[in-house]
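Here come two complexes built around chain A, the first alongside chain B, the second alongside chain C.
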Partner chain A sequence: MQDEREIEILEKRALELARISQEDPRRETSIDAVAFVLGGREFALGLEYVREVRPFSGVTPLPAVPRFVMGIAAIRGEVISVVDVSELLGVTQPPLTADAGLIVLQDKGSAMTFALVVNGILGVVKIDPEELLTLSASYDYKESRIVQGVTASGMVFLDGRALLNEPSLKL
Partner chain B sequence: MRDDELMATLLEAFREEAKERLEALYSFTDALETGGHSLDRIDAAYREAHSLKGAARAVGLAEVVRVCQDLESFIGRLREGGGEASREVVEELYRFVGEIELGIYGPKMESRVLHNVTKRDRKEISEEKKARKEVVSPTPSPGKSISGPFYEPAETVRVNVQRLDVLLKRAEEFIPIKLAYSEYAGELKRLYWFVEDVRNRRGEDPDLSYIESILQKLSLRVESTSRQLDLLVEDLLDRAKNVLMQPFSVLFQGMGRMVRELAQELGREVVFTVDGEDIEIDRRILEELRDPVIHLLRNAVDHGIEDPAERIRFGKDRQGHVGVIIRREEARKISLIVKDDGKGISAKKVREKVVELGLTDQSSLGAMDEAQVLQFIFYPGFSTSSTVTELSGRGLGMSIVKEKIESVGGTVSVSSREGFGTEFLIELPVSLATFRGILVKDSGQRFILPTHSVDAVIRLGSSDKDVVIGRIRSVKHNGRVIPVQRLGVVLGLERASGRDSREPSVALVVNASGATAAFLVEEIVTEQEGLIKSLGPHLQGIPFVWAATVLGSGEVVPVLTPGDLIRFLQGRPVATEEVGVYDEETGTKKRKNVLVVEDSITSRTLLKNILEASGFGVVTAVDGLEALSMLENYEIDLVVSDVEMPRMNGIELTRRIRASEKMRNLPVILVTGLDSPEDRERGLEAGADAYIVKTDFRQTTLLDVIKRYV
Partner chain C sequence: MSAIGRSLRIKVAFIFGSIVVFSLIASGVLTFVHTRGMLMDRITSNLTSDTQRKRREIVQFIKGRVTDLELIANSRYPIDIVNYVLKVREGFTGSIGIYEGLALKAHLYLKNPKVRKYFDDMVIIDAESFYIFYTLQRGLEGGIILPSQYEVLRPLWSGVVEGQSGDQNEATDQRTVYISDITFYQPVGQPCLIIACPVFNDVGKGVAVIVGILSLHHINLVVAGETGQGEASETYLVGRDGLVRSSTVFLSTTDVGRKKIESMALERALKGEEGVVTCVNYRGVKVVTAYAPLNLPEKVGVDFDWIILSEIECDKAFKPVRSLAFYHAVLGIGIALLAVVLSFFVSHSLARPIRFLSDAVGAMAKGDLDFVLPDSERSDEVGQLIRDFRQMQEVLKANTGGLVEGVQRLATAVNELSATATELATGATETAASVQEVGTTAEEMRQVARHSLEKSKNVAAVAEEAVREAVRGREAAEEVLQGFGTIRREIDFLASSVMKLGEQSRSIGIIIDTVKDLADQVKILSVNAAIEAAKAGEHGKGFSVVAQEMRNLAEQSREAADRIKEILTRVQDSTSEAVMAVERGNRAVSRGVELGEQMDETIKSLASVVQETADSALQISASSQEQLIGVEQVVEAMRVIQEAVSQNMEAARQLEASVHDLADLSESLRRLSESFKV
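On to the complex of A and B.
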């Protein structure tokens, strides 16, 4: 008896879930994005321009380069520039811990590629660009094309392509 | 700003400009198709094609220039025919515009396919086209489809080049593993010896004996596995590299046309031959060779081959000969010779110039023979050409040729007999060899210097008498006085200090681009072999570092650019150059202002970027009229102007400037896409100081010229 009721409930739930997923408009418009923490704030980057995510395992510093270039790292037989965008995004990067990660970005169009160093990787999230809120004027980077908007939970959604082609990161 | 970085900015601007021009051409064709033609519209389309050609030339898209040229002539003929457009004409126009679009933006799918395969395809396609044109009946001839497979070996397969590159990269990743493995084998062996030693001292102990026998077996096995790994990895690398080999014919495609067109522009007659273009070389080397070879060929036609009349006067053939010979020298070495039978280089003039530039002292110059003296042409800023209005200014160009060739592990030298011709010998490795470098440590960081750039390692004792020449500390080495500095100071890791006891005493004597300097380092760790890895697209053009290598331990070490280190010591700017006049009173540099007059946004961006990167202030105008009003409102030190512009062209602008009381002495340099000798003369007659043809011009030529006038 108990079992039958349980099955009944479960079936009902399954049906509801199926209905939700069918009706949910998010299935149509939402994008997979890598969520990460940088300087205490949560950010996300669409997977389209993310080539790979990996733990941070140190960089070799370079002489005579701007501060945002942390150095170079070898990733899969390739030397990649490691960039700290905290200043650009208006946050202060605390010291890196064992949680630190690298997000390797690549724009197949412009062939630009570099890696972002972040304080922690949160995982892959779904973001619906249509539900993004525009930034309030209090952010320094309001004008920038890099920020596409903020999710209801306060996560800042970044445009990977704009970041890769951001003039102030060019050398 | 470096050439390639500049080129990227420029291409961006060009693509924007081209988009508009292509749209205009498309809408013109659309109108033509629906019968809406007028001579005005045809003229407008002609101008669009012409401007597009000029802009494409400025960014060096030779193929696009060629198609634009064809399109221009096609529209020209259309106009002569009264503008009546048949269906075929419209189709042809669409084809032209489509081809230009393809040439600029590339195919939608971003894949580059190995060239020798594409070449065959292209041939097939053009044959098909021909067949389509000639054969009226649409039935395909059965004979053709049977004959097809005979040309195509069944074993050939089309592979995306990037995939092959990945394969090579993966194979290269085995190298550190291989190195690590042989290190482990060594450690294991030492451990075995140690245990053996302990057992001998302590006497018989069954436990120790057991450990010893296990260790012995293990160390032998690891050693033998390590040797196998060695062989396998080497073999794998060789094969992976082999897959990436391409024949020289890929490089020389289109060069014949370039030489021919250039000869035509200059009114010369030139026969161009290439011998040995079937020989294969690493694709990556081939890519790097492109610019140097173009430069050498241009030089050969421009500075080498004489006018036909002059040649006859000297008893030479009317036609000059420019030849390329490629030879396989040894198993792993290839030589590439670029030679012409033109007027040659005057060793006497080179000598004079060396003295004038103060590149070396009289006595050592006196001891040099002609062959040695000629090598000075590879020195940055060197040029024997007395006029600056040349098409392919030598000067900095030759030093770039040398640097590019050296960057792939090659060497270049020149020999010449005045009156008989010039020959450049380029020796190249077959594949991008593992690179040899000297690993050094200074200011707590490790760097690698290419072994070929290091002449010697010296120790500076306290007995060495330093001399200070013009605020640069110098030491004597091999009878020459060379500047010396601590590496960490050059790289900005350390503040320059006086001579204190903590300063290291070991120095590397580094030689690059004809100059020598010594760099003090804390430690010379070792000389070692490694693979050169490019720094990737983001770090192109940073100073001091041109690549990186990955050590056996997995550590990434920057490979330094010897030329940058030396230029820094010579007090020359490293990444960008500051241009200005030192103001005695304020002790500051006064910036020089340049007015750039150019109607094409591509060329305008190009010029503005080059000049700003070099420290000039830049004001721009889109035509002569605007330029005149700018000249009234700004303090301008030099004018760089295009010739063909709406409202008022560059020649008229020059005339106005020359006629003005105030600006009579203002230097004017014309930069233009027009290539015929008459236009050069027209410009100079109007009073221009110099004239540069923008056919693939490089910033170095322009800067060279400008610096002579400010």
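On to the complex of A and C.
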């Protein structure tokens, strides 16, 4: 008896799993993105322009650089500049904690690479661009080009390439 | 009545007199009423029958007179006279002598009392005119007669003449006779009843009217009847106009036709009734009256009517009854007086000795035994009573004398006794009061002694208890000190354990930090793996799932580590608190040990003091006991004395009361004896 019931339950599960795989084509439109926290607000960046993420382990400050450049850090034997985009995104950067991390951005086309310092990395999420809400006046970002939209949960979805090519971040 | 009740003689006389008077009054009243009723019945029946008879007689009389006049009118005599007078008037001188002779004869005939009977006067009047041919009183020689005296006849005359002329046509001879009511007729000189009748000549023509006059005298005779008009009875006629129509003793002829009668009997008769009634008549006298209307129009055919009233004066009618009553009363009073006198004498002979006896007893009641009662020679019961009384008085006198003397002696003795008893009672009361006071004091003393004994016993008991408590206190203090030693050792052990625990938890903390770092790194790694998977495109999809799972695991590890860290933090806090508590415990124990030692010292010194107190309390208790026994003996002795004194006093009081009663008794005896005269 017990064996029969177990078999029945397992079969049911198998059917459910099969149904999920069938639904996959509908998910094709969604994009994987890294979610992070900066200045108390949640943001997301498409994985296309993200090379990797790292825990923040300190930077080496550089003299005579703009304020948004925190310094440089060596990542896998490569010196990469660390940038604080909180001002650009209109948030106030709180003190960095043990949760703080770095997101290394890279545009393969323009060979532009730098790391963003964030308050915390939340993980990888799926974002459906069709479900994004258009930006309203309540978002006071300077360059709306950087911001692609806002999810229903209030997460700001950023365009990685726009950020990499942001003129105000040019040295 | 009180005046009657006081004397036996008057009482007896009154009773006898009353009985006689009452019986006489009763018989008198009965006889009077009965006789009066009978007499009244007789008078009534007499009057009724008399009245009826007279009524018939009057009617008969009138009818008889009418018949008489008709007979005369129908005879040839009146016409003879008429013829003669007519001849004379005509101045006929031929054979006047013949006419004169006939007329004379007629006059004589009419004058004859056997012919004219009751008529006092007769008048012949011409039928043509009111011319008087002839009157009986004047005769034929009267010549011309003035008609003025005969005016009263005119209505009657005209009535006859007119009736005559009418009758001829109807060929009836009814109402040829006319009667007038009683009228004053001058030629006769008194009221008269007048009857008129026509006179016919040979050819049947009414040439004259003959009138017959009946004086009142005749009517009166008929009305009075055989009995006549007496002093007591009176019978008379009254017209419907209430005027008198006949005369009596009290009614003169002048009253006829003038005097008005008013009485109840007349009123009833005018209504057509007849009967007997007692009423007041016209003279104001109370009379029994029989009344009846004559009904003349019906019976005789005239146009007037009379009422006959027959009266008897009540006073005179009931005179015999009244005289009977008078004689009865006189006789009654005489008999009553006789009875009273007789009874007075009889009762006097009874009451006299009783009064003497009463005086004697009254004197004795006042204590006078010397009163002398006169001896009686009577041999009846009254005499015996008086003799016995005298004997009794003698015996009583002798006894009372001795009694009075004895009483006086007794009174003196009792007075002395009373004084002594009073003194005795006073002394006893004073003694009792003093003894009472001593007794009260002794009782108070005993109470105090008992109280002090109880107190001292209580003190001793408390002291013993205190000694025991002190011993227990000392033992307890020692136990406390031992306990504190044990506690201190345990606390030291506890402190070392807690220290070890603190160290171990710190090591755990370090390990946990490492775990957390690992988890973070895994998390970053998982993100990078996801990135790499994304870059691998479709082929990296499976890896992406793995990366997700890794990330989940990393997060769970991180959470677990966080929770352990949290717990550990709390453990560390508790450990620190425990360390501090141990510190405090250590200090408290040290202080406790110190205090325990002090207490032990104090208790030891207290115990020795308490022991001394207990010893003293026992000594006090013993002496109090002895004292109480002594005092109780005193109290008992006092109580016995008090009882004796109390009995003594009670006896004295009773003695005094008895003596007092005796004194009262002797005093009343003395007063009693003083009231006697021996």
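Here, the second predicted complex is superposed on the first by the 143 of 171 C-alpha atoms of A that agree within 3 Å, B and C clash if a C-alpha of one lies under 4 Å from a C-alpha of the other, contacts with A are read in each partner's own complex, and residues count from 1 in each chain.
As a convention for this text, contacts are C-beta pairs under 8 Å (C-beta built on N, C-alpha and C of every residue); 3 or more make two chains touch, one makes a residue touch a chain.
Given the structure is predicted, the values throughout are model-derived calculations rather than measurements.
In the overlay built on the shared chain, the residue A:50 is in contact with chain C alone; chain B does not reach it. Contact with neither chain B nor chain C is seen for A:152 once the two complexes are overlaid on the shared chain.
Of the two partner chains, chain B is the only one that A:81 touches; chain C does not reach it.
In the superposed model, A:34 lies in contact with chain C only, and not with chain B.
Once the two complexes are laid over each other on the shared chain, residue contacts for A:63 go to chain B alone; chain C is not touched.
In the superposed model, A:111 makes contact with chain B only, not with chain C. Applying the stated contact rule after C-alpha superposition, one finds that A:124 touches chain C and leaves chain B untouched. In the superposition on chain A, contact is made by A:72 with chain B only, not with chain C. Of the two partners chain B and chain C, it is B that touches the larger number of chain A residues. Against chain A, in their complex, chain C makes its touches with residues 520-521, 523-524, 526-528, 530-531, 534-535, 544, 547-548, 551.
Considering their complex, residues 5, 110, 169-170, 172-173, 445, 491-493, 533-545, 547-548, 550, 554-558, 574 of chain B touch chain A. Interface residues of chain A, counted against chain C in their complex, comprise 32, 34, 47-48, 50-55, 98-99, 101, 121, 123-124. Chain A contributes residues 59-65, 69, 72-74, 76-81, 83, 108-109, 111-114, 169, 171 to its touches with chain B in the complex.
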